[in-house]
Structures are given as C-alpha cells and as structure tokens.
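Across the two complexes that follow, chain A remains constant while its partner is chain B and subsequently chain C.
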Partner chain A sequence: MRLFIQRLFRRPLTMLGLLLVAIHFGIALAAPWLTPHDPLKLLDAPLEQPTGVYWLGTDELGRDFFSRLLLGGQISIVAAACAGLIAAFGGGIIGLATAYHRGLFDDVVSRFVEMKLSIPSILLVSLFVTGFGQSLAVLIGVMGLIYMMGVIRTARAQGILIMEQGYVKAAKLRGESASAIILREMLPNIADLLTVEFALRTSSALLLVSALSFLGLGVSPPTPDWGSMIQSGLQSIRSEPWLILAPALCISTLVIGINFATEGVADLLGLEAARGATGQ
Partner chain B sequence: MLIAALRRVLLSVITLVMLAVFIFIATEIMPGDALDVSLSADEIAMIPPERLAKMKQDLGLDRPAHERLLAFLNGAITLDFGKTLISKTPVSAIIGYPLRNSLILAGAVLLIAIPLALAIGIAAAFWKGRAVDHLVSTGSIIGYSIPEFVIGTILVMLFAVAWPIFPATITASTRDPALTLLASSPLAVATVLIGSIAYLARLLRTGMVDALASDFVERLRLTGIPEWRIVFLHALPAAVVPSLTALALYAASLVSGIVVVELVFAYPGLGQELVRGVTRREVHVVQAIALCSAAVVVALNLLADLAILMLDPRTRRA
Partner chain C sequence: MVNVTRRNVLLAGLSGPAFLAALDSELIGSASAQTQQPKRGGTLVYAQCSGNRRGGDASNTRHPYFMVDLITRSAYNTLTWVDEGLNVVNELATKVVPADDKLNVWEITVREGVKFHDGREVMAKDWASSFELHRRRNFASQQIKSTEVTGTHSLRFFLDAGNSEFPFVLAEYDNVVMPANEDFEKIGMTGIGTGPFKIVEADPQRRMVLDRFDGYWKKDQPWLDRLEVINREGQMESAINGFRSRQFDAVLNIDPRLVRQLSAEPDTDVVPASSGDQAVIILPKHPGSPFLDKRIRQALAFAIDREAIVRIVYGGAKFGWMGNDSHMAGTDPMFAPRPVKRDVAKAKALLAEAGHPNGITLPTLYYAPQWPEMSRYFQVIQETVKEAGITLPIEERPNDGYLRFRQGDPDVTKGNWHKFAYTAVGPRNPGISLFRMRGANNESGYWSGPAHDRYMELYRTAMVTADAAKRKAIYAEMQQLCFEEAPALLPAGRNNVLIKRPNVRGLNNHPQHWSITWDGVWKA
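For the complex of A and B:
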C-alpha cells in the first residue's frame, strides 16, 4: 500500500486528476454552506455584470450565478455516481454469473448486452424519458442499466479466467452453492477491476447527464445544473460569455480529473481497463 | 467463408428484430399505451371515458399488445412508423430528410477522422513512451472528457463571436443538397471530429502497440526488412482488425455525439426531431428515430464483422 502511494506521487497527471476530483467533490458536499446567496431567488436584476456582492453577476432570470455554479454539480454527481454504482455492482455479479454458469444463460445475456450496446445511450434515455416521464429515478435507473452492459462484458471475461483458479475449484469441491462462490470467492477477486469500472462509468454518466440537461431532458429547472446553465447562457453569448465558460470549465475539469485519476490508478493496478474503451 | 458471412448477417437481423421488440415494450407496454404516454394524467382525467375509448379505437390502441407489436414490426419493415398523435403526419415524412442529413454529417466526420486518427495512432505507437506518445495519450483523454456541447459552444465563441469567420448556427435548410449542408456547417463537423479523433486515435494506438510488440514483428525485424515496411504492411493490418470490433461502441457514441451537436448548431438532423419528439411526447417519432439509429449502428457492426472475416482467415472457421 505504501509502495502504491509512493508510485502514485510520481505521476503528476494522476495526482492532478485526484486533486480535481477532491476539489469538485468537496465543493459539491459543502455547497449548501458555501453559497453566498439563495440560488433560486429571483433578484429582479437579470444579466447583471459581476459586482462585489454578486461575484459572477446574475443569470438571465436574475439569480446569483456564483451560488448556482457551486451547486450546479451536485445533482449530476449524485446521479452519475449512483448509476456507476448500479452498473459496477450489477454488472459485476451478472458477468460473474454468466462466467460461472455459461450455457444458455450466458448466450441470452451476451445477446442482450450486444443489443443494448447498439442503441446510442442518448436515444435509450430518450425512449425511457418519453415512456416514463422525466425524473431523477428514471435517469439513474436507465443510466445504470446502460453502463451495466459494458461491465458485464469485462466481468465475464475476467470471471472465465478466475473459474480456472484453485480456490474456485476448491470451493466447488467443498460443495458450496453457486451464489456463495460467486459472491464470496469470485466477487472480491475482481474488486479492483470493478472499482476502476465504477470510476469509468461514472465519468461517462456525468457526460451523459450534462448532455441531457443541455438538451432539456435531464435535470429539470429551476435546480441549478451545469448542462442547463450552459444552454441558457447561449442567449447572452456575446455580452456575458462567462455564463457559459464558468460551467463549461467546471464540468470539463471534473470529467478530465476522473479520467486522469482512473487511468493512472488502473495502470498502477496493472489493469487493462485503462485502455481507452471508456465506451459511450 | 460464405456460410460464416451469412451467419453474421442473420445474427444482425435477429439483433435488429430484438431491438424493435425492446423499443416497443419500453415505450408502449411498460408505461401504458401511446395515448397514456402522450397525454398527462390531468388530461386523461378531463376527457370523458367514451371519448377516450373512441380515441383509442381510432389509434388502434384497443387491440391486444401482441397484435400491436406485430403491426409495429410489420410497419417498421416497410418504413411505415405510423402517424404522429397530434398533427397526424406520417412519421416517415418527418424523419426522412433529417435522417439523411445526420448520415451526411456522420459520413463527413468518418471520412476525415479515420485517416487522421490512423496517422496519430501509428505515430504514438511508433514513438511509444516518448514525448509524442504522452502528448497523444493526454490529449485524447482531454478530448473525450470534454462534453461535445461544450466543445461546440467554445468553437462558436472563438470562431463565430470573437473572430467571426464562420456562422454560429446553420443557415441551410432541411432539404438542401449534401454539399450545401456541409459547407454551411464547418464548426459542427469540427466539434464531432475532436471527440472522434480522440477516441479512435487512442484505440488504434493500443492496437498498434500490441502489434509492434508481437513475436511476428520481432521475427520480421530479424530478417532485416525496412522498419517502415514492417509498420505499414505488417503491423498495421494486425492492429486494425481488433480495433474494428470496438467499432460498435464508437458508432453508438458517434450517433449520441451527433444528436447533441446538431442541437448546438441547429443542424437540421435527427437530433432536433428527437428532442422535439420527446418534449411533445410523440411516441412514434421517438420509436422511429431510435430504431433507425440502432439500425445504422447494427449495419456498421455488420460491415466491421464482414471486413474482419475478409482480413483475418482465422475467424472463418467459426
């Protein structure tokens, strides 16, 4: 572990990534205490220039922009992390189960995974939003499902290798049940892989949520969100470009941070997950 | 070879049919029928029950689910996706030209992105661990970490507002010929390109690094063949084949990227229709767009599979 941390410190980009993630998560957690003004209160002064009181001015409806910027990541981060967690856990267990059972179950799941991977994620979310309405629960559920598909693939490939290991064979000979072997013997052995998958899927989910908010299909107003803030900033692109640049910088540094950190950590763990196939 | 190819085609058709069934179930059976989806609960409560029943009958919604599913599949084969619920225009008339326009955008991006990504990927792999390689690796992470709508907006700020050499939004209309459309949308093409090159270059670099480190390349080096011949004639084909299988993910993310970018630049493609369809809850339009773009992704995958069959004899036995 100490060696691991020492090696980590020798990678400037990975450290930068971890730092960015820490800053963003810190701000998202502490935002309710940091905001100087009420982010939802209409101040009756739309598109004000920055002043000592309103550090970044006000938005098109006259709300304090700096306060909204601090809060703008909260919902996306929570939604993306939940989706990443569902994807990593669900995908890990299902992937290992297919590796354990093989046969018809494996064929059916694999076909389903392939099918899901051929619908572009934005369309899949649009389908469910049309069907079930626009809500955070639907969003998290669908994103979890989308990113689970890729994790199933990775976990299945790893599971097939693990099935050959002595400890799995020993557990089988002890007469342990399939679920016990999958959960107690196999799952802990792909924990590092699933952690990296969790981070990768969370960063993809963040991109997806912000794109959806930009399209008006994600986090609904008046809740502040970087994606929708950029969308409404387009109206004043000439007079107040910082209304676009500030949230653009936030979302970009967050995702870049996660990906730098993940790549470095995955590389140190000797995992193939760092090899670019971050998916959609 | 022929049997293996036919098997791939058949599998693609099965995938597509399963997709159609899935799309139908996700939109019309699980949440209720098309009318339940397009009207809000308040609206349904306001309408007298007789009229609601009449509306359902007009739309064919009183039939059992499996009959409607068969009708949906039947229609999809002949590109008849039904009519919109509000204006009663045929869905195929609404999405026809936008579909063509989105394909034009995708084609232009692929034509530029693939050669550029190949060059970058080969260079990074050839000088592995050197400055070029680090630059490409870091650059590509940054490239696909920034959302497309952010890249697009920044390009507009730079090249349409600060230094106005390009139009901010696209002035061409839906039915303009392909070249007029592309000529009026350089910033849209550039936006999709940045993410695509970042993704593809990284993929090809990995494939190329593996190929250059393999035993057969080592053996070729020992025979004294010039290095450029090894890189381009021997290692490159070996690197491209595994990269082709990753095309599925890329094709799907290309479509997602295009949907978003079209909205940034008001490009008259499927993205516009999709968002309009979702916000107006026009189930049939969303279904048709989902099915069409999934068909494009499946077709691209089939092409990749067939190309691998031709390039790699080992796969023909399966």
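For the complex of A and C:
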C-alpha cells in the first residue's frame, strides 16, 4: 500500500486528477455551508453583473449565481456516483455469472448487452425519463442500467480468465454453490477492475446527467444543476458569458479529474484492459 | 442622384458637410421610396417558436387541424379576421349580420371570385362543408348547430344559443375554408386553401414550404414568391442562431426577456405586439384533489406574486401583463384587474382555515416549454408561493406529447384525471375567452357549483346582449367570480415579440400569432 501511494505521488496528472475530484466532492458536501446566499431566493435583479456581494452576478431569475454554482454539482455527483455504483456492482456480478454459467444464459445476456449497446445512451435515458418521470431515482436507475452493460462485458471477460484459476476449481470441488463462488471467490478478484469501472462510469454518467439537464430532462428546476444552468445561460451567452462558462468549467474539471485519477490508478494496478474499456 | 465617385469624394474635402448631407438625403430618399413601393419576388424564411399545442404531438400533425394555426393566413382564409388591435373585420365575408335580435342565427355573404389553390371558385357550399368539420373540432365552433346554404355566395349559421360576438368565432384559426367534401373527416387533407400561398412541401412539426398563389383574391398580392416556415417550438436558441447566421429572415415568438440583447444586435428589428399568449394553470377538481377546496385555490391565487412574474420573466410591463385568473388578456378593454394583486397573510389565513396551518404541499405541477420563458414562469410562481407556506413541486415535460400527458378523462369518476398542469391560450375577444372557463372544459378544471352556474348564466346573458357597454358590465361580474372562486389561475401573460431583418417590410406582429398576415410582406 505504501509503495502504491509512493508511486501515486510520482504521477503529477493522477495527483492533479485526485485533487480536482477531492475539491469537487468537498464543495458538493460542504456547499450548504459555503453558499453566501440562498440559491433559490429571487433577489429581484435578474442578470446582474458580478459585484462584491454577488461574486458571479445573478442568473436570469435574479438568484445568486455563485451559490447556485456551488450547489450545482451536488445532485449530478450523487446521481452519477450512485449510477456508477449500480453499474459496477450489478454489472460485475452479472458478468461473472455469465462467465461462470456460460451456455444459454451467457448467450442471452451477451445478446441483450449487444442490443443495448447499439442504442445511444442519451436516447434511452430520455425515453425512460419521459415515461417514468423526472425523479432522481428514475435517473439513477436508468443510468445504472445503461452503464451496467459495458461493465458486464468487461467483468465477463475477466471472469472467463478467473474460471481457469485453481482457487475457483478448488471451490467447485468443495461443492460450493455458484453464488458463493461468484461472490466469495471471483468478485473479490476483480474488485480493482470494478473500482476503475466505477470511476469511469461515474465520469460518463456525470456528463450524461448534465446533458439531460441541459435538455430539460434531468434535474427539475429550481434545483441548481450545472447542465440546466448552462441551458438557461444560453440566452445570455453574448452579454453574460460567465453564466455558461462557469458551470461548463465545473463539469469539465470534474470529468477531467475523474479521468486522470482513474487512468493513473488503473495504470498502477496494472489494469491495461480496464483503461481501454472507457467506452460503452 | 449623387454619384459616389472618387472625384466627388475628393471634392467633398472642400465642401464635405454639404456633400455628405446631399448624399445622405439622396440615400434616405431612395430608401424611403423603397419603403413605399413593395417589391415582388424573393423567399422569406421564418422560424416560429410559439406554444402551438396542436403541433405538439408527433402522432397527429398530418391532420390539417394540427397545422392550420401555424399557417392560417398564408395558406388559408377565414370569413373574418381579428386585426392587430383585436377588432374583428371581414376577410372572405362581405357581410356578417344577425338575422334577428336573438343573435342565434347569423347571415353571411361571402366574397365572390375567390379561388382555391386548384383554381376552383369558393362557393357557399364549401363554407358549409368546412364548418361541418369545424363545429365538431374547434372549441369555439361547437355552438354552431347547423348551416344552411341560401345562395351561391350566402349562407346562414344556426347557433345553439345567441352569440353577440359570433363574428370573432368566424375568425378563429381553425375556421378556414377548404374544398367541400361529403365526408367531413377528409376535409382539408389535400392542403388546399385560398390563402396567398399554397403548400408545396410539408414536413409535419418541422417545416413547411409555400409558394405564391397567382390566383389570390387580393390583387397584386402576395409580394413574395416563396414562404418557408420552420417550426422551432421549444428551440428558440436554435431559431435565433439561425437568424444570426442569416438562415432565417424572421423569428416569431421569441422570449421577451431577450429584447434588450437583440435590440443591440446589428441588422435586427424587434417588433412587439400589443398583447400575446398566456398560460392558464389548470386546477383539476377530481376526487381527492386539494383544489376541490376553494380556500386552497384562493390561497394559491393570493400567494402568487404576479408583479414579480411580469418584472422577472417578461422584463417589465412593456412585454408582459398581470392576469386576473380568467382567460382574458390584461390588455383587453373589457379586462377587470384583480381587486387584490397579492395578499400573503390572506393566503396563510385561508390555508389555516382549510386545515393547513403549517402550510401545504401541492401535487406536482407539470409544464412544457411551449414558450421559452415557461421554466422561469413556473420557478417564479414556485418561489413566491413559498412565502405563504405553499410548497409547489414543478416538473418539466417535453413539448411533444404534453397535451396527451396532461389531459385526463372528462368523466372524473373514471379515475383518469387531468393533471395539475397548464394550457397555452392566446388572447381573444371576451366572449370566447370567458367561455373557456365553463365547467365542461378541462381548462376550468371541471369547475362546478352555484358560482359556476351563475357564471354561465351571466355568459348566456352577455351572449344575447348586443350593447357592448352592457356586456362589459356583465363580463366584469364574470371576472369577479373568477377572482372569488379561482377555478383556474392566469397569473400573467406576455406580449408577443418577433425579430426580423430590416429589409423585411410589411410584417406586423399580432397578439394572436396565428393572425399574422403574410400577403402584404415583401423584401426590399
């Protein structure tokens, strides 16, 4: 572990990534105490220029933009992290199960995964959100399901390799059940891979949440959210460009941070395959 | 004529101001001459961002009823037209008169020599046939019991009751003339009308191309060769970007808050209308709904800061107006302002009386961005009612399918209830506007009870009152009932705004976006 941390410190990009992620997570957690003004309160001065009181001015409804910016990442980060967790854990177990059972079960799951991968994620999420409503639970559930598909493939590939390992064969000979072998023998051995998958899927989910909010299908107003803030800032792109630039900068720094950190950690863990599996 | 040659410019060094003044006056004079003399030819491409609920459903836009309001005055005509000042004038009718003082039979003489796009002359039977469709589909035409053709160019309308404002009904965007067909369901499916332009290409919900109709009944008009309508409902930013990149010559129904920004942009004319569209919040009164309790409805009406909506959402009184919870536009001469604009203490007291001393959480209010400002509109309402202890969750839904999503079954006992949502309405004459609050209409949230019955009694009286001053007093009482009962909410409305290139001439904005006329528009 000590060696791992030492090697981590020798990677400036990884450290930068971890720092960015830490800052964003820290702000998201402490935002309710950091905001100088009520982010929902109408100050009756729409589109005010930045001042000493309102550091980034006010938005189109006259709300303090800086306070909204601080809170804007909260929902997106929670939704993306939960979706990433569902995708990594669920996808890991299903992927290992397909690797363990193979046969018809593997075929059905694999074809289903391929079928889903042929549909653009944003289209699928939009359909679900339109059908089931714009709640955070729906958003998390659908994104978790979507990103699970990629994880299933990765976990399945890794599971097939693990199946050849002696400890799995020994567990089979001991007469352990399939679920016990998957959960106790195989899952811990792909934990590092799933950690990286979790980070990668969280990063993608973050972009997806922002895109959905931008389209009006994500976080419902008046909850501050970077994607919807960019959308409402579009109208003032010429006169108040910071209303778009600031939330865009937040999204990009967080996503870049997650990607730098993930790549560095994956590299250190020797997970070349995982680094390449950043797509669907 | 001053020739701008190098010699002249050099000479200007000696008598510069005089030369420039001459040049200036020459150029201005020439521009002024251009303004007065319309020019034929050219294509005008415009995008519209209006809240067209009919175009908002992908499943039904092929039917003419789901597109006529976008192109009423380009491909079609009606018997009458409501002008920019909301006065009714004849269009294809030459005479519209009641047969007697009961005002339930109206005699119409239609213009002779008007041709359909296929060259056939419009006869009274075409009108009668078209109204067979309209009276079944158009909300304002359901009062027409039957029509009778009395001559080649005259017909009679029989209404189920008197209607002193019937000429306004004839101007409704749906009530266009289309070639007669015995099967009323097939009427209009050809896309043939009598308007200045004929449809040559239609991509429902997206784009429509119309070419000049040479047989148009107004001599010399239209001036343009081609008109292209691009539907950008809910996509105003893309429409404005299209305008900036010169893809569009005009954009209709832009967000009034953008006026300040767009006015400063080069080559851009901002044209506001005197009034415009409004959002009526439907308070469904089904079993179990909090809106069954009048006090909760009233509390909500008292808690909303209407002035804040006008100020924040519309950018001030020049581009918005406060509503009085009837369907009337605030700029209508017969509009009666709310006696009390806002009273938070009263709202709290009403909630306490209704058993909610600590406030109330209402059901989710669903809205669609049918106009660009809708998200702001509902966020301001949500924030301002908080002060009275009302928690109002809001959720945005896509434009496409919003109508179907929100609408329930008229029979509330079936359990498929109308959602707590809003409907987009345009400014109309008091008769049509106030009729929309009838209990049978979902816009009133199925309002019922003695106050509703009184309201309808007043409506019926107004409809047989030919004297406008007397009608105004009746309408005032009806609006007072809306204030007292709050069957629905209309907190504020907008003034429609369009932008255009300065070389687009003769394009006047209109409070009813469907009543904008295109026959007199030309490009310099």
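FYI, the second predicted complex is superposed on the first by the 274 of 280 C-alpha atoms of A that agree within 3 Å, B and C clash if a C-alpha of one lies under 4 Å from a C-alpha of the other, contacts with A are read in each partner's own complex, and residues count from 1 in each chain.
Criterion: contacts are C-beta pairs under 8 Å (C-beta built on N, C-alpha and C of every residue); 3 or more make two chains touch, one makes a residue touch a chain.
The shown structure was predicted, so the numbers you read here are calculated from the model rather than taken from an experiment.
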item	value
Overlay on chain A: chain C relative to chain B, clash or fit	clash
Winner by number of chain A residues touched, once chain B and chain C are compared	B
Which superposed partner A:Ile122 touches (first chain B, second chain C, both, neither)	first
Which superposed partner A:Thr130 touches (first chain B, second chain C, both, neither)	both
First (chain B), second (chain C), both or neither touched by A:Ile93	neither
First (chain B), second (chain C), both or neither touched by A:Leu234	both
Which superposed partner A:Ser252 touches (first chain B, second chain C, both, neither)	first
Which superposed partner A:Met186 touches (first chain B, second chain C, both, neither)	neither
Which superposed partner A:Ser210 touches (first chain B, second chain C, both, neither)	first
Where chain C runs into chain B (options 151-159, 187-195, 403-411 or 421-429)	403-411
Common interface positions of chain A, toward chain B and toward chain C	130, 133, 216-217, 234, 238
Chain A-facing residues of chain C, complex	236-237, 255, 257-258, 261, 308, 311-312, 369, 372, 375-376, 378-380, 382-384, 393-398, 401
Chain B - residues contacting chain A, complex	14-15, 18-19, 22-23, 26-28, 30-31, 37, 138, 140-142, 144-150, 153-154, 156-157, 161, 168, 199, 202-203, 205-206, 246, 248-249, 251-253, 255-256, 259-260, 263, 274-275, 277-279, 281, 283, 286-287, 289-290, 293-294, 297-298, 301
Chain B contact footprint on chain A (complex, rising order)	13, 111, 114-115, 117-124, 126-133, 150, 203, 207-208, 210-211, 214-217, 227, 230, 234, 237-238, 241, 244-245, 248, 251-252, 255-256, 258-260, 263, 275-280
In the complex, chain A residues that touch chain C	40-42, 44, 46, 60-62, 130, 133-134, 216-217, 220-222, 232, 234-236, 238-239
